[in-house]
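In what comes next, subunit A is part of two complexes: it sits with subunit B in the first one and with subunit C in the second one.
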Partner chain A sequence: MSTVRVAGTGLTPFGNVPERTGRDLFAEASIAAFDDSGVPREDVEAVFYGNFMGELAEHQGHQGPLMAEAAGVQAPATRYESACASSGAAVRDAVFRIRNGDADVVLVGGAERMTNLGTAGATEALAIAADDLWEVRAGMTFPGAYALMAQAYFAEYGGEREDLAHVAVKNHENALPNEKAQYQSAITVEDVLEAPPVSAPIGLYDSCPISDGAAALVLTSEAYAEEHDLDAPVAITGTGQGGDRMALHDREHLARSPAAREAGEEAYADAGVDASDVDLAEVHDCFTIAEVLAIEALDLERIGEGISAARDGRTTADGETPVNLSGGLKAKGHPVGATGASQIAEIATLLTGDHPNDGYVEDATIGVAHNAGGTVASATVHVLEVIA
Partner chain B sequence: MTDGARGAQNAGFDDWLDAAEEASGYYLECPNGHGSLPPRRVCPDCGATDLADAPLPETGAVETFTITHVPTPAFEDDAPYATAIAEFGPVRLTGQVVGVDPGDVHSGLEVELEIAVSQTTGDRVLGFAPVSG
Partner chain C sequence: MSTVRVAGTGLTPFGNVPERTGRDLFAEASIAAFDDSGVPREDVEAVFYGNFMGELAEHQGHQGPLMAEAAGVQAPATRYESACASSGAAVRDAVFRIRNGDADVVLVGGAERMTNLGTAGATEALAIAADDLWEVRAGMTFPGAYALMAQAYFAEYGGEREDLAHVAVKNHENALPNEKAQYQSAITVEDVLEAPPVSAPIGLYDSCPISDGAAALVLTSEAYAEEHDLDAPVAITGTGQGGDRMALHDREHLARSPAAREAGEEAYADAGVDASDVDLAEVHDCFTIAEVLAIEALDLERIGEGISAARDGRTTADGETPVNLSGGLKAKGHPVGATGASQIAEIATLLTGDHPNDGYVEDATIGVAHNAGGTVASATVHVLEVIA
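For the complex of A and B:
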């Protein structure tokens, strides 16, 4: 089986730029990805594009061809929508396309414009990833859903807000040197605990920001990379996807993410690695509790023990398995349709030594990216390895 | 959400709210005993297609809860409010806990269904009221 190489990555800064259109954001990310890859645009055979709320934020559907055009690519293009896992799902199908031998070069990525909706509008737009009839109409928000999970976790395994605060503090610390991050500011545990409540026990600093931004990846077959002498030493060697019931109340367990476990097990098996082989991870920390549930689902921590991982330094930059060296969704930002592809970009650059935090993972060869949609009714996991 | 989507009748769901208002809430039961919520034609657990209405237990228990301070615009005049997931026999429901100070909501709290009204939109809201005494 031919490996799928990450030939180029491109990110816009993530942040608050309400006037910028989605097409402009994606164009910028794609230019950076093509420049990084050395691959000509005319070699692209398909575009896989993730976006969640384009209809609500920009009154724009049918974004696949729009974004191919913005990137200057003449190739068939499809938009993927899996809530906040939209571009994780796009990456997965792009990997299959190349593995199947049906394409040698693809452009993958995603973009989201959100801040133009304002906080209330973005909260409402994000809520459509939940069950409209049985959750949203009862007043459940996304911070609320994760708060329900946090409360269930505390009740079952113990832990408290202060433990979660350490996740936020860690991810802000990691974002300090990341010029693409929305927040390059250190915070303290006290800051997190004293921040206004959003949906108790989730406070403002337990929550990722509302962000605009885009991410793009140029992926190629191994044969194409060798034939064109590309500098593409990192491959996506494992892909997995999991699914679950739509509404949180229908989950078998309110303090676990079975879909992420399913995706992780599939991706590890696909790559032929174990969780113990993983050197670093980018996980979907839309809220602090989400990072805890993710690292447990990925078997980086035992069930019930992930709550102490940041506090006790196991997942900090100098810990055994650094998690979210980019700053994560929490501090880097979360333009939802871009997030899954951006995680792949972060892992790839951390592994190749092209990242401001690569000094923490100098000998690393295996990274994992975890992208989640809704209350984890959708999850994708990808394993990246240095193979050349 | 567009006004059209907000105002539309949702067969199955609105019928369920009507029944719940009459204190005759129900769930869907398949021949294998799995419970689910309407509108639905297929059991999500086993794929059975012969689903029958079964009466919802009169009371349920709060499993987990949160106090929502930052709501969607449809609930901006309602916040802060308690949102909970409560177990009613074979199904769980998500609802707003009404008739109690949000700070007094706790796991295990015994509740019954009460269809409330959003102070913001006037729309019906699935609610839970603590069972008194």
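For the complex of A and C:
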């Protein structure tokens, strides 16, 4: 079984560029990833591409071959769609492909064009990640769904809006030096509490933005990396995926994410690590409450204790286990199909010391990436380790 | 490396049922597949689901977990989208997963709801499999694209509309005993030639219909099949995938399908067979010309000679290598996301002698399934063999 090396990573800036197409964005990210890797495009054997709403936002399906072309790659390409966990799902199948010797070099990534739809249009399009028949037609959108999850959390474990506000403040703080982030601006707890309400207890600053952007990864087998003397010290050593009922009303518990827990347990076991070994994490904070649920599901915090993690400084940049040093979805932005791959890119860069925030994690060797779809009906978790 | 067994297959009738949802269709197909397999749902470790246009036709993305739920399965699920080769792509990753020991039991399949859009709406939706910026906005739809391919074929290799008509006549003939087929009706060459023109030389009867339907497969490892004494004598022994430039104007040759050739060569090599070993094939005849290009790409016919295969009887039910004994997309129907998985189901059933047309292929041991996306910018090929 070959270890999967991260040979190169590339990100576009995440933000509001409605005039740019998905292919344009992915071309930029893939150029950066190839440049970073030193791997020639001709060596790529397969493309794993994540995209969520291109059929609605760009009237474009079948993006696999289109994105291979945008990346200058001649290789079979498939689109993976798992709502906001689309490129997490793409990474997972790519890991299996390399690990088992079915490919030595692959291009993985994702992109999303969203802002061209406008905020209302994008919110409507994002709703297709929920159950159309039983949730969307009843008026449910994602801020409302996560608001219910937050209310259930508060009711069962305690906590308050101010605890959640600290998640947003932390992630904006982390994004300050990240030039690719959509928001490089500090906010205060007061800003979050006073922001326009969206769906109680979720306010505008509890919510990630609508974003355009792309992420790309060049992954290789260990043998290829060594043979070509690549500078690729980080490996993806664990992969996990979990699933849950689609609609929130079918869940056993609104304030837990068993799909993410299942994915995390599988990924940890796969890598042979446990949560206490994790030095840093990028988690899917589409809303502030989502980060709380994620760190509990990943066993970085005990159930009911994640709510205080940001407020008490356990997940801040200088805390025990920094979470979302990139700025997270909240401040870095959330171009849906790009997010899962971008998390892997951020961790790989943090672990190798080329990240604006790597000063906080100088001795870090293990990072974990948590990507979630919908109200966590889907989740993927990947463990990255410095091994060379 | 484990051999991948086809433990059970299930198909809905393909046809015009606009009132049925995708989840309803997939539930039916998966129930049939589980019943056929004798495998309990609890043993399923992952779901690989193909769907193409659900975001447009049902305002529903994130169909992986939704379809796992519809199938009564609690397991991680991902949607694979590769236009009309969506479930072919799903089968491919499922094969890798089992073969390499990462799962013993998986549910694979696909569904598509299309007729609720109406013919014009479905044609518009199908167009997202082409390049939106450079083809669709210029007015290109798929009948037009395949008409160009047919014209290029005629110009280079000869042939005429009547040759193509024999493909349609053959496939309708094959569908006569297939109760799941959308059309159980014989047509004549004259019917095809006199049908309303769509885009010269493609007429209405050269084109597959708009269809609703679903297909499901329960695949297991050899070890699982033997341990549980399953009746699963057919294995998927070869998988291949190819890619090409998305837009027709970027191709080197309009009348060849290098993506399908690449997929076929990979699948044959993977299975350790060659084209001369193939006893029967299900190929992606979305238009009559597509079957001609497919059998050439699969090396079942030499380049330039596929055009005469149906007319001269080489691919008829009693010919050397029967092609589309199910009726093919042309007569069985083409619910896009279901098609690739349905081809695997048809071949497995033909090889085990439970198919209405298996009398034509009594001694057959090797079948091949060819699933194509767009104008064959994507293709998957799978080889099935009787091994037990």
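Going forward, the second predicted complex is superposed on the first by the 388 of 388 C-alpha atoms of A that agree within 3 Å, B and C clash if a C-alpha of one lies under 4 Å from a C-alpha of the other, contacts with A are read in each partner's own complex, and residues count from 1 in each chain.
The definition used in the following text is that contacts are C-beta pairs under 8 Å (C-beta built on N, C-alpha and C of every residue); 3 or more make two chains touch, one makes a residue touch a chain.
Not measured: the values here are computed from a predicted model.
By the touch criterion defined above, A:S308 lies against neither subunit B nor subunit C after alignment on the C-alpha atoms of chain A.
Of the two partner chains, subunit B and subunit C are each touched by A:R245.
Judged by the touch definition given at the top, the superposed model places A:N116 against neither subunit B nor subunit C.
Of the two partner chains placed by the overlay, only subunit B lies in contact with A:T141; subunit C stays clear of it. Of the two partner chains placed by superposition, only subunit B is touched by A:S199; subunit C is not.
Between subunit B and subunit C, it is C that contacts the larger number of residues in subunit A. In the superposed pair of complexes, A:Q184 makes contact with neither subunit B nor subunit C.
In the superposition on chain A, contact of A:I128 is made with both subunit B and subunit C.
Of the two partner chains, subunit C is the only one that A:S378 touches; subunit B does not reach it.
Subunit A uses residues 127-128, 132-133, 136, 245, 250 to touch subunit B in one structure and subunit C in the other. Listed in rising order, the residues of subunit B touching subunit A in the complex are 1, 10, 13, 36-37, 44, 63-76, 78, 81, 83-85, 92-96, 107, 118, 123, 125-127. The part of subunit A that touches subunit B in the complex is made up of residues 119-121, 123-124, 127-128, 132-141, 143-144, 147-149, 151-152, 155, 196-202, 245, 247-250, 254. Those residues of subunit C that touch subunit A in the shared complex are 21, 46-47, 52-53, 55-56, 58-66, 68-69, 74-83, 89, 92-93, 96-97, 99-100, 102, 127-133, 136, 241-246, 250, 259, 262-263, 373-374, 377-378.
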